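Can you read through this structure? Questions will come right after.
The letters A, B and C name the chains in turn, as written, and every chain counts its residues from 1.
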Amino acid sequence: MSSNHNHGIHHATYQSIDEEVAPGLHKQLHRQHVRGTLYVWALLTVGGILAGLYLTPILMPHMNSPEGRAAIETVKVFTVAAAPVAALVCAVAIYSLINSRHRSHLDSPPVDGPPLRGNALASGTWLVVSTLLVVFLLFWGLTEWASQQVVHADALQVNVTGQQWLWTYSYPAQTVILPGAKTLTVPKAVDATTLNLPINVPVQFNVTSKDVTHGFWPTQLGIQGDANPGVNDVLRTTPDHLGKFQVRCSQICGLYHAYMYTQASVIPDSAFTAWIAQGDAGRVLTSAKITGGVR
Amino acid sequence: MRRLLGAGGAVLLGAAVIALVGVGFSAQAYSSPRGVQKATSLGTDMTCGKALPHVTLSFATYADASGTNDAGQKVHPGGNPSWPSYGPTNIFQAPAHACVTMHITQYDSGGSLNNPVFAKVQGTIGDTESVVSSGNSVSGCDGTSPLTYDGTPISAIQPCDVGHTFSLRGLPGIAPGFFVNVPLPLAGNAAGDNVGDLNSDAHQTVTFSFIAGPKGTYAWNCEYPCGLSVAGFGAVMGAYGYMSGYLHVV
Amino acid sequence: MTTTQERRLEDTVLGSAAGRFYRHQNFGTGLLGGVGLGFLLWLLGEYTVNNNPNYGTDMVVTLTMLGWVIGFNLGVGTFNAVLHWILGHDQTKEDELYAAGVGQGKSRYWKYCTDHKVVGTQYLILVFVLFFIGGTLAMMIRTQLLTPNSSFLSPQTYNAIVSIHGMTMIIATIIMVSGPFANFIMPIMIGAKDMAFPRLNAMSIWVIVSAVPPLMATFFVGGVNAGWTTYAPLSVQDGPAMVCFAFTIITFVVSVTVAGINTLITVLTMRAPGMTFSRMPVFVWASVIGGALGLYAMPAFLLDMTMMVSDHATGTSFFVSAQGGSGWLWENVFWIMGHPEVYVILIPPVGALMEVLSTFSRKPMFAYKMIIGAMIGIAGLSIMVWAHHMFTTGWAPDLAGPFMLTTELISIPTGIIFLCAIGTMWRGSNWVRLPMYFGFLFIWNFIVGGVTGIYLSDVPADDYFHGNMFVTAHFHYTLLGGAMIAATAGLCYWFPKVTGRMLDEKTGRAAFWLIAIGFQVTYLAQFYEGFKGMPRRVANYDPIFAPENVVSSIGAYVLMAGWIVLLYALVSSWRSGSIAPANPWSAKSLEWQTLTPVPLENFLEDVTVVNDPYGYGERAELQVHAVFGSTSDAHHGEGH
């Protein structure tokens, strides 16, 4: 039988638990370690909030649609909401680290700490606050998601075909009715290897695949959906900023998955109509020869 | 000190093992290295519509990888002999912004594309290719018998007459918007026919020109499903080097 | 037992039936058996089914893999007891003692051995090997990604490496705590003499060992092209490598199922007298909850892979839409396994970390009941969140809301874990030895991993982040930075008990700093790549992502160096470190109250538990966890 009666270890026992160990809140705040931890907490929270608000738009690309901007806003809001909780955990961990510096060279264990098995106020507060935070995050996310489910009566139909390892787009012959009694016409069906979209026109992507699952990801439109064989996946957005970006494949699809990308741009209506017209002779449209208005 | 030496030695030993594994994988990745075909220069001329340095590349698509071509080069050294393959190499090199003319000799049989849009010629001068047939005896899918072309520039072939395609785009961020797609009509030879002889084996020779993009690596692959399994893109299609390769624009 | 008595017992055991017939069976004969039967079945396949152009090769590979797995296990002796019964004999006491390794010295670690401590050590070695393999593959990946247009690897080889890196790490992280420590430590922690089913225990390690070669074999038959998640129909299109991969999984799930049942039954039925559920250490709870969750989830993986083998080798079309199947079937069944599986990975290490926190803060677990409730809550909720991996697949768009709800709800019990961690540390007598270094690192890493997880749980944000490097960075922060670091804390904590030596702290701390800093650099850079829009699983990338990729690769090299230094510390301390006392941390749980090295049936006297093991700072009678000896001459033993 091994003997663990360690020599000379002093075991602290606390006779009067309540006053010594868990005094009232007022007294707590006067303790130096509690105040110190609170200062660190405040500092880290402010830092987290600032990072969420100001770092996010720098890290993420400029978006060309409301859905894209919603993604940036979500990151900002969620970071701000999570900052106090994360900061509290960090502050206590930092306090414990600092508190340990007297004991770091000990080879045998130090004196026991106070037998704090729980604190109903702390646990209850944590539970309530974290639940409220989660409810808020859900509310934020669900309202944004619901607003993205709105279907515009008339949208530009773009058929997106993914296959190993190229994207192709086709614009079926259509007339799109826009607000203000304007129309946008695609006179004849055209195929394209680049994705051009007219600004401020609702667009509906019908995404499918010829072989395996690909991921249709127009990076700055804030939408994404898989191209599945035998299935039509519908995505909707209304691009509202001019600009160029990429469509990338986001679902590994075999050998040249990394090379499966195309140019994309949001251009003025007139430039779009002129581009579409080049498909009259049955040729497949590319990104070349777009005139006007692309940043 | 001993611990430092021991830990340092362990890191060095670990790095050596990892490096060895790396060499192994890199060698395996290019298990049948076939060299780079550098474009041959033809001087400067107006082939691409303006005065540009003109270069040319020639290669072929074979019904199986077992044979040897007219120049005595193995079609696909170390490759699976029963799989169709481009050859004698799949890696090419051309100067930036040059006018590149490619001659592809197509020996293989074929059928229908998964996506008919790739039966149209795209990204070449005039968006056309010219095809010269030799010795072909199979019919086209609309009944033309045999399927022959006389060299007149054409902008598309029937989507059901395709042997292979040569579809080229830049790596991500390299020449966005650059895309060349050339359909190669079928020629009626099948795997096991051991073709490669320009004099005796039926073939279609496809010629086209395009202006190379800026410096960088470009990847090409075939869009005709000559493989097995799902959509015909398994087996040979997914194995690097048969129906896929690179163009280094330097 | 005197030495003469011991030697006489050994002679009897070695001379028994088992000793005579099975003494030559070990890992080597397993290899022979596996290669032999595999080759035989390969021959059978070549001459019967190989002619079918579509399925022939896959059918031959199926037969070969079947031969390997069965042959290896026959060769190493996994089925010996079963074969005994079939032949009408039961095992004698001497046979059982032989199977438990009596008289075989160090060679029992190479054999089928029913002693849970041997099995635990075998798992530990396997975990080291798997992490080294997975880490080497990671170095291949990061070297390829050092430059945007690298041709170090072809895209096919790169995809194959990415897939096997993922699967190797998944296997390694699933077993990294439940293998070594739920086997070695947990039975001692509950005062038991071994596990409920020692033969199943030995079976689980050898079955999982036989699962590893098929995974490595994939590189030689064309490689797996579809990531570790092997979505169909791409994985149906892939060649015979996918059959090898499927066999790895099928074999692995058999092992994990057997091990999970063993853990559950052991804790339910073999606790020492007096160990009520509320006196059980948190780690035991964590092992049970993780094991139970695995029992629920892993069979879905088995199902998916069986359907995959069928689609490959027999021409069914579960997953090919042109013939009536659906890729979504694969994805749903996969993630029904895949999400609970990450909690199977996470919960046991978190349990181990809780033990470390309590011991090194010299304080009881804060809100013990809430931790248990939180772990059960996480496990329960985790089975209802799987489709958050499928928000962009186009499947059931109307279910986006409900899955967002369940996913965000999980952050409540996960937050409770943090509450209990900081509550345990708060105002403790914080003693920062090497296990606590990893404990602090866990806290930071899991905060980052958890917060980035809530971005991904939001559908509009996920529409940007899905399939890009942000996801990769998130799960590396939670699984590597969280679970694996917590497991490392547990390893450093229990090292003296398992090996009998003290782990060299100086080298361990050097390794810690390399790991901690290398990890942040590697994965913070990958978060940046994701924010910017770089997709994941790509062999080459747009040069606009180049700077952050260089940074990430350098960080990865530093991280790997750190793990190698830690491995060096572990191996050199195991071989020649200072001899450890039985309870170097003065901890209270039962594994620390017995000898080191731990005797054959763990305790030399009967154990009666009187309190929970968290009586730090309490009055004297609450400080004692258990008393030893029969109740008539009970004496207060090891409590502090």
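Definition applied: contacts are C-beta pairs under 8 Å (C-beta built on N, C-alpha and C of every residue); 3 or more make two chains touch, one makes a residue touch a chain.
All values derive from a computational prediction rather than experimental measurement.
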Check: Greatest Cα-centroid separation from subunit C: which chain?
Finding: B
Check: Which pair wins on C-beta contacts, B-C or A-C?
Finding: A-C
Note to self: So the centre of each chain is just the mean of its C-alpha atoms; given that, what is the distance between subunit A and subunit B in Å?
What the structure shows: 40
Check: From the C-alpha centre of subunit B to that of subunit C, how far is it in Å?
Finding: 45
Next item on the list: Would you mind pulling out the distance in Å between where the CA atoms of subunit A average out and where those of subunit C do?
Entry: 30
Next item on the list: Mark out which residues of subunit B touch at least two other chains, giving numbers and ranges.
Entry: 171-172, 230-231, 233, 238-240
Next item on the list: Provide the list of subunit A residues touching at least two other chains, using ranges where the numbers run on.
Entry: 211-212, 229, 246, 248, 254-256, 258-259
Note to self: I need the residues of subunit C touching at least two other chains; which ones are they?
What the structure shows: 155-156, 225, 233-234, 237-238, 320, 322, 538, 540-542
Item checked: Complex contacts: residues of subunit A adjacent to subunit B -> 161, 163-166, 168, 170, 191, 193-194, 210-212, 229, 246, 248, 254-256, 258-259, 261-263, 282-284, 286-288
Checklist line | subunit B to subunit C touching residues, read off their complex | finding: 3, 6-7, 10-11, 14-15, 17-18, 21-22, 25-26, 28-30, 171-174, 216-217, 228-231, 233-235, 238-241, 246
Checklist line | subunit A residues within the subunit C interface of the complex | finding: 1-2, 4, 6, 9, 11-15, 33, 59-61, 67-68, 70-71, 74-75, 78-79, 82, 85-86, 88-90, 92-93, 95-97, 99-100, 103-104, 106, 108-119, 122-123, 126-127, 130-131, 134, 137-138, 140-142, 144-145, 148, 207, 211-213, 215, 217, 219, 222-226, 228-231, 233-234, 246, 248-259
Check: For the complex, which residues does subunit C have touching subunit A?
Finding: 155-156, 159, 225-227, 231-234, 237-238, 320-322, 326-328, 359, 361-368, 370, 392-394, 400-401, 404-405, 408-409, 411-412, 415-416, 418-419, 421-423, 425-432, 436, 440, 443-444, 447, 451, 454-455, 457-461, 463-468, 528, 531-533, 535-542, 581-583, 585-586, 592-596, 604-605, 614-620, 622-623, 628, 637-638, 640
Margin query: Quick check on the complex: what are the subunit B residues that touch subunit A?
Written below: 114-115, 117, 120, 122-123, 127, 155-156, 167, 169, 171-172, 176-177, 179, 181, 219, 221, 223, 225, 230-231, 233, 237-240, 244
